[in-house]
Structure formats: structure tokens, C-alpha cells
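Chain IDs A, B, C and D follow the sequence of writing; residue 1 opens each chain.
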């Protein structure tokens, strides 16, 4: 197809075509939102294993308490209760690589580890003072229970492939280089399992954002009932001192 | 509970508690993303009918072609391909009441129609020159096939309640007042069915935003593969003339 | 002019025309950013008094310490140090009516007070349990020194007009209705002075957003040098307890 | 100072302290918004030459017609006319490196060119198939009149320093490497002049965002009076064809 088109969807007066299907006749009532998300992203319906693991990782990454993204969203909603979408957007803007967006970086790490070797890649990062994506967590020490659960279910379902194996070798290499184990956080198994199941790497980047949107909407529904945002802002402000330089 | 807390989730070193459940043991692998979204929003797992209709309305509203939200997101991504979350946020900001966010307004309309009467409410809006939320559509004329399909499935599943019936009376009242039928768009049946199934009104506002996030992520994955954003921006610019006043 | 055009600017290969002027020949080096902002917004250069008071109110409203908008922006920047614009956008989303955006509401209040009477308008708001825009402040009690300074300078410069006088009557009416004085905050004099100087009401809404963008950029430059965002987020999180319902 | 503080501002009940000054007594009415922006960013008031060139570059970069950022903002405002800040945020999110944010990249280029040589840096970029920041423009061919005007005024004011000279050598090196002249766009002289005048590099990144916020506010004020956003969105949508893959 020529570069200037889209193959996702088109609305006509009497129907909506989505990825070549009729939205009302073929899709509505016939597939779950997770299956529809897969169809939108890739053009195809998922296999049963793909569906299971896509649901699994969306559930795994959606909610983690009063994360910075949820704090920012609740403060924003408190400032403008008329704009739910503005508050959600403020929260999504915090889904950056430091706090949340490392699954996509883990996918790139796995690619590098495959073309080179996990040991060389980890050594290279360590020697230049870098951090290995997917390792380290401020709360989950020594293990991230979500990461372990994903690996466990991948094993039970018999879908362990090259990328999950690479993740294990990366974990060993990190322990070797750093001289102690670091937490393998949830982002690396998410990337590894999705890649082993044949998902395109764009899915790896998309999953955390969709998952966290669900969390943001829940926090904002709670904020509407029991406001907390201005109190969170006051606590943040009180935590930093003003000092004239 | 005191006003200063949250009852959604808390992360501990060795586990994550979500709505009183253990995330890894009770939820991951055990429920779908849609069920998890319901749990996050409301504190409870959905009934099977709630799950079916929550999936249905998320699928119904997710995708509609190159909507303004998708255009804005693709243009933003073209300007900064390094920030997927920034492009998603730009798209979500367009989920305002004129283009997308009318489901929440439809829920309020149904409340008013219930305490008063559909006929009086519609007459009041018409006399003050207003528009009735949930009626009218720029493309779907004379009917919105998504709206009809939701009503059809509500009937098949035997979940038609007071709000779906009110929606029908609103449709008749609009035709009566305006002297011709107006399209009942997808937002009104979404609101009516969700309310009839016992969803809190916060769910009605949240559903379109989660659904459209899936669409935005699909368009941005396509944008990454086959860039379109700058071409869309150029076409928009060319559509407006500069004229000195 | 027909509705489908713009009269702000147009780029040509060899020049840029802005509001009918040649950007490089007529404007660059010839006017200040504040004068240019006025030209962009209104199509005309400001008078000297308009320029003075536009600078004054931009300076008055720009900075106020670790406001929720700055906290949200710093947390967002900490999560993605690669996207300055994403962090600025997150901060701007918090410029909602509760925290910052009341100048535009004050302009509407002044219009109502002019067509009715300040006393009637205030009484109407009080009787329905509302808050009068421009009155009350969480920190500045009993007076907002910025509000007083603007009124003082308006008096010194001889630009007090109908709207500043209405602001004074609103202050008296509020004290009368509430039985005690409430702080007249900075938003009401901003709106009153700008309207008295002939600015369109769109300027009243625009000024706080431009001003706060300068503040956001300063906080993010500081955040880059001396990170604070994650610490602010941690303090916010610690301020709210998780309790299972 | 310890890492956990801010030295920008603090609000007290009876005054606001900004960078060690009293906001109402020392700053309001005493300096322009541009001077205040400099004070906020750097802690000091600008020299007269710094003030002149800060105004100059803010004016130069503010407005350029219906840029993608303005299109996105107008479409967003059309979808939710109640949220001016949401529309501004959507526009700012488009201030990414491809469309607007190259001034900061130009500053880094100048640093590299200074520690190495302009010729080597340009050759390195060309050989790896990259683009040199600050060169090339879709409309301004063969020269960007804003870039030339900034250089001209730098010369007239006698503030040409090492970075402006490096910019000239970069231009020559680009012509040499590419075998033809490329447009030096406005971003490179902005970075060069600001660095020569002693501005910190954070100012270089901040200037385009503040400038474009003024433009966004002007376009949104026009959008309020003469709506254009939905028409722009329709033209964009019509420019891309849907084709089933």
C-alpha cells in the first residue's frame, strides 16, 4: 500500500469497518476488549495463548498504588474537576522511561542480547556506568513478585522461548557484573513473553500505557468521590524547603 | 474510611495488594483486563452480564477511523517519535465533550429524564436552543449502527431496564420536538446500558477514554511503521487561508 | 472574512508575515515579547499603559512557589528527562479553575455585576452555596499582596475604570454577605484592570497560562540541575494511607 | 544548598518571595515579563543586551502560521471549548525535536563543534546518514530570513562570539559535505547567540516553548471567535485513504 493511507478503520454512514471487519456485525459482542486491542494493533485476532498473556501483562502492570502518575493525575483533576481527559493526559505524560516505560527498552535490550550475547551487553552497560533496563526496583527487593509470576505462567503454559531464556541469562550476567543480584522487575518478563509469543515490538510499548490508563481512571473515579489531590500536593510542597541561593 | 486515604492499591516489598486482593496470586492470570478494569474502578469483579456489556461498549467506542484525536496524536508523534506517551496524551486531550465525551452527559440526561420526564427535558433543551446529548452524528445518518447493535444485544440478553427505556422515549421526544428523527448516536445506549447494569456513573465517563486509548496506540503503532502525521498536518494547513484583517 | 481562514500568520519561502507585518523587518528587534504577545492575540500593538499592565499582571501571576502545577511538572520530568515539552504540558494541565484559572471566571463575574449589580450577584451566589470567583486564598490571609499592588498601580497610573470599581463593590458585598472579609485574590484585579484597559476577555484567560509556562520552565531547569521530583512524589504517596474498604 | 530544596520562590501569608526578591515590592511594575522570565530561570536580572536578545529570539520563534502544533491545539479546543489549558497542552506536546525543539540540539552541536571541530562533527554526521541540527527547512529555501536577521542584529550589537562564529563554520562545512548549501534555520542562531551572551543551555531549551505558548494562545483566542478546528480535522482525515491490507 502507498505510504499515505491507513488500514485501521473507516466510518461510513451505515457501518464502521475496522481492520477489514464490520464493527457491529463481526466484532461487537463477539470479542473482548483485549482481543479487540490486539486486532487494532496488529490487524489480526490473537491466538488463545496470545490472548491469555496479553490479559496477563495488562493486569500485571495496571496498578501499583499511588505512583507518581496517579499523584499527578489526581492533583490535576483537583485543579479542574471538569476535565477528566486532562487529568488522564497528565498522568499518561508521567509514563516515561524512568518510572514506567522500560518494557520497550527491555525489548531493545533483548534484541541486542540476541545478536550479541547477554554477558557482553551487560558488561558493556556496566563499564560505561549505565543501568540495565529491567533490573532494579525501589520497592520490590529482592524480587518483583509480578515478574516471577509471569515467568511461572510462561513455564506452565509451555510458551518459554528464546527471549525468556535470554532474560534468565541477563539476570545471571547482571548478578555476575554487579557482584550481587538485582531485582528483575516486571518490565523484562513482559517484553520477553510478548516477543516470544510473536507480538510486534510496538505492542510491548503500547501495553503499559493502556494498562496504566485503566489505573488512572480508577484513581480519578476515587478522587471524584473522595478528593485527595490537594492534600497530596500540599504534602509534596512541604517536603521541599525554599532557600535563597 | 477517613477522607485522606485510598482503597485501590498498595505496593509492599514482596507483594502488591489491589482492592484487597493479592495481585500476583489472585488476579494475574485469573481475570481479563476488562474484569480487572471493573475491579479497579468499583472494587468488585463484574457479573457475567456486566463483563459482557463492558467488553461490548469498549469495543463499540474504541475505533472510528481518522478521528481528530487520532490526527492530533499522529501529528504529535511525528514531531517527537521518542515520546509515545506524549502523543497518546495529545490524543486523549481531544476526547472532549464535542467529539467524544458525551456518554457522561448522556448519563446526566438520563438522570434528569428520570426525575422529570423525557418529554419535558427534551422540550426544555429545544426551547433554549440547546442540543440533546446523544443525538446527532456527522456521518451516521439516519442511524448509528453501533447504537442499534447495543440496544439489540441488550434486548437479546434481557438486560433492558429503566434507562434503556428512557433512551427510547428520548428518541421519540426528540423526533417530536425537532419535527424529524435525529440519529441516536452510540453514546446514549452506552450510558443507558451501563446504568441499567448497575455501573456507577464514573464508569460511563471512564469507558470512552480507555477505549480510545487503545485506538490511539494502534494509530501510533501504524504511524511508526508508515508515517502519516506530517502529511495530515500539511493538508490541514492547506485547508485554511491566511488573510490579513 | 470568511469563517475558514486565519489572520494571524503565514510563512512564505522568503518571509514570515505576522498580523500583516513582516516578522523580520518590522517586529524582530523592534518590540518586546510582551508587545508581540499582544500583537498576536489582538492584531494590534499595545498602548504604553496596556504594555505596562500586561507586563505587570504576567509578572504578578507567574510564580508562587511549589504549586501543584510545578509539582506535577517536576514529577513528570523526573519520569522522562528527555521530554521537556511533556513536563510543561503536564503542568499546564493543572492550570484549571480551582487552582489557577479563575481570572477568566472573574471576567464573567464582572460582566454579570455590570449588567445586574454586584450586591445581587454576590447574594445569588451565596444563597446557592457557591463561591465567588476571585475571593478566598489558602495562604494569603487576610489580603493577597499581589492584588493590592495591582490596584495600587492602577490608581497611580490613573487607569481605574468601571471594572476596578466593580471589584471594590464586590469586595464589600462579599464581606456583607459572608459577615466577614474574604481575601480578594490576584485573579479579580487582573481581570478588572485588563478589562478596564480594553483588552478582550480572551486575553484574561490567556495571561495566566503564559505566565505559568515561564514558571514551569524555571522549575524544570532547576529540576534538571537539582532533581526533586521523585522526592516530591514519595512525600505525596506517604501522605495517603491505603485501607481496604 | 542540599539537593532537596528549591531556590525559586516561596509564598508566605503576607508576601511572595521570588529569587530572593519581594514579588510585590521589587518586581511587579519594575520589570518586564521577559526580564522576569530571565530572573526565574537564572536567578538574576538580565543585562540590557541579554534582555534585547531574549526578546528578539522569543519574537522570532513565536509564530509561524498554521504549524502542526497550532492545528493540534485548535482541533483539541474544538472538541472541548471548556478547557483552554487542555488545548494549549496538546499544542505544546507537539513542540518536539522534529518540528520545533531543535534549538537545544543546536546547543549540543555547538558544544561538540567547540571541543572537536565543526568540520569533523559535520563529516561524522554526514557519514552516518544523519541530519545536522539547525540545517534544512521545508519552507524557507534557500535562507531562513529569521536566522539571517538574528545574525545581523548580533553583528550590529557587537555580541558575536565563539558560538556565532562556530555557526558560520558549521554552515560552510555543511555546504562542503553535502555539495550544496542547506538552509541554516532559525534554531542555530538562537542557540549560538544565547550561548554567546552567557545564557545557560537550559534557557535555549526553554525559549521555544515559552514563545510557542504565546502563539498557541493567540490561535486559540481566534479559534474561540472563528472556529476552524473541525474543518482542519476534516481536511486531514480526507488526505488519507483507508485501505484494507
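One rule holds for everything that comes next: contacts are C-beta pairs under 8 Å (C-beta built on N, C-alpha and C of every residue); 3 or more make two chains touch, one makes a residue touch a chain.
Keep in mind that what you see is a predicted model, and the values were worked out from it rather than measured.
Across A-C and C-D, the chain pair carrying more C-beta contacts is C-D. Put simply, subunit B has to spin 180° for its C-alpha atoms to lie on subunit D, with the angle rounded to a multiple of 5.
Comparing the centres of all chains, each the average of its CA atoms, the largest separation from subunit C belongs to A. One inter-chain figure worth recording: subunit A and subunit C are separated by 36 Å, centre to centre, where each centre is the mean of the chain's CA atoms.
If each chain is reduced to the centroid of its CA atoms, subunit B and subunit C end up 32 Å from each other.
Spacing of subunit C relative to subunit D, judged by their CA centroids, is 22 angstrom. Counting partners per residue, subunit C has 1, 4-10, 65-66, 80, 82-83, 85-86, 89-90, 93-96, 101, 228, 231, 239-240, 242 as the residues that reach two or more other chains. The touching residues of subunit B, counted against subunit A in their complex, run 1, 3-16, 18, 23-25, 27-29, 31-34, 36-37, 40-41, 52, 54-56, 58-60, 62-66, 83-86, 88-90, 92-96, 101, 104, 139-141, 143, 145-146, 148-150, 153, 200, 202-203, 205-206, 209-211, 213-215, 217-222, 224-228, 231. Looking at the complex, you find that subunit C touches subunit A at residues 65-69, 71-72, 75-76, 78-83, 86-87, 89-90, 93-101, 228-240, 242.
Note for the complex: subunit C touches subunit B at residues 1-2, 4-10, 17, 19-20, 43, 80, 82-83, 85-86, 89, 239-245.
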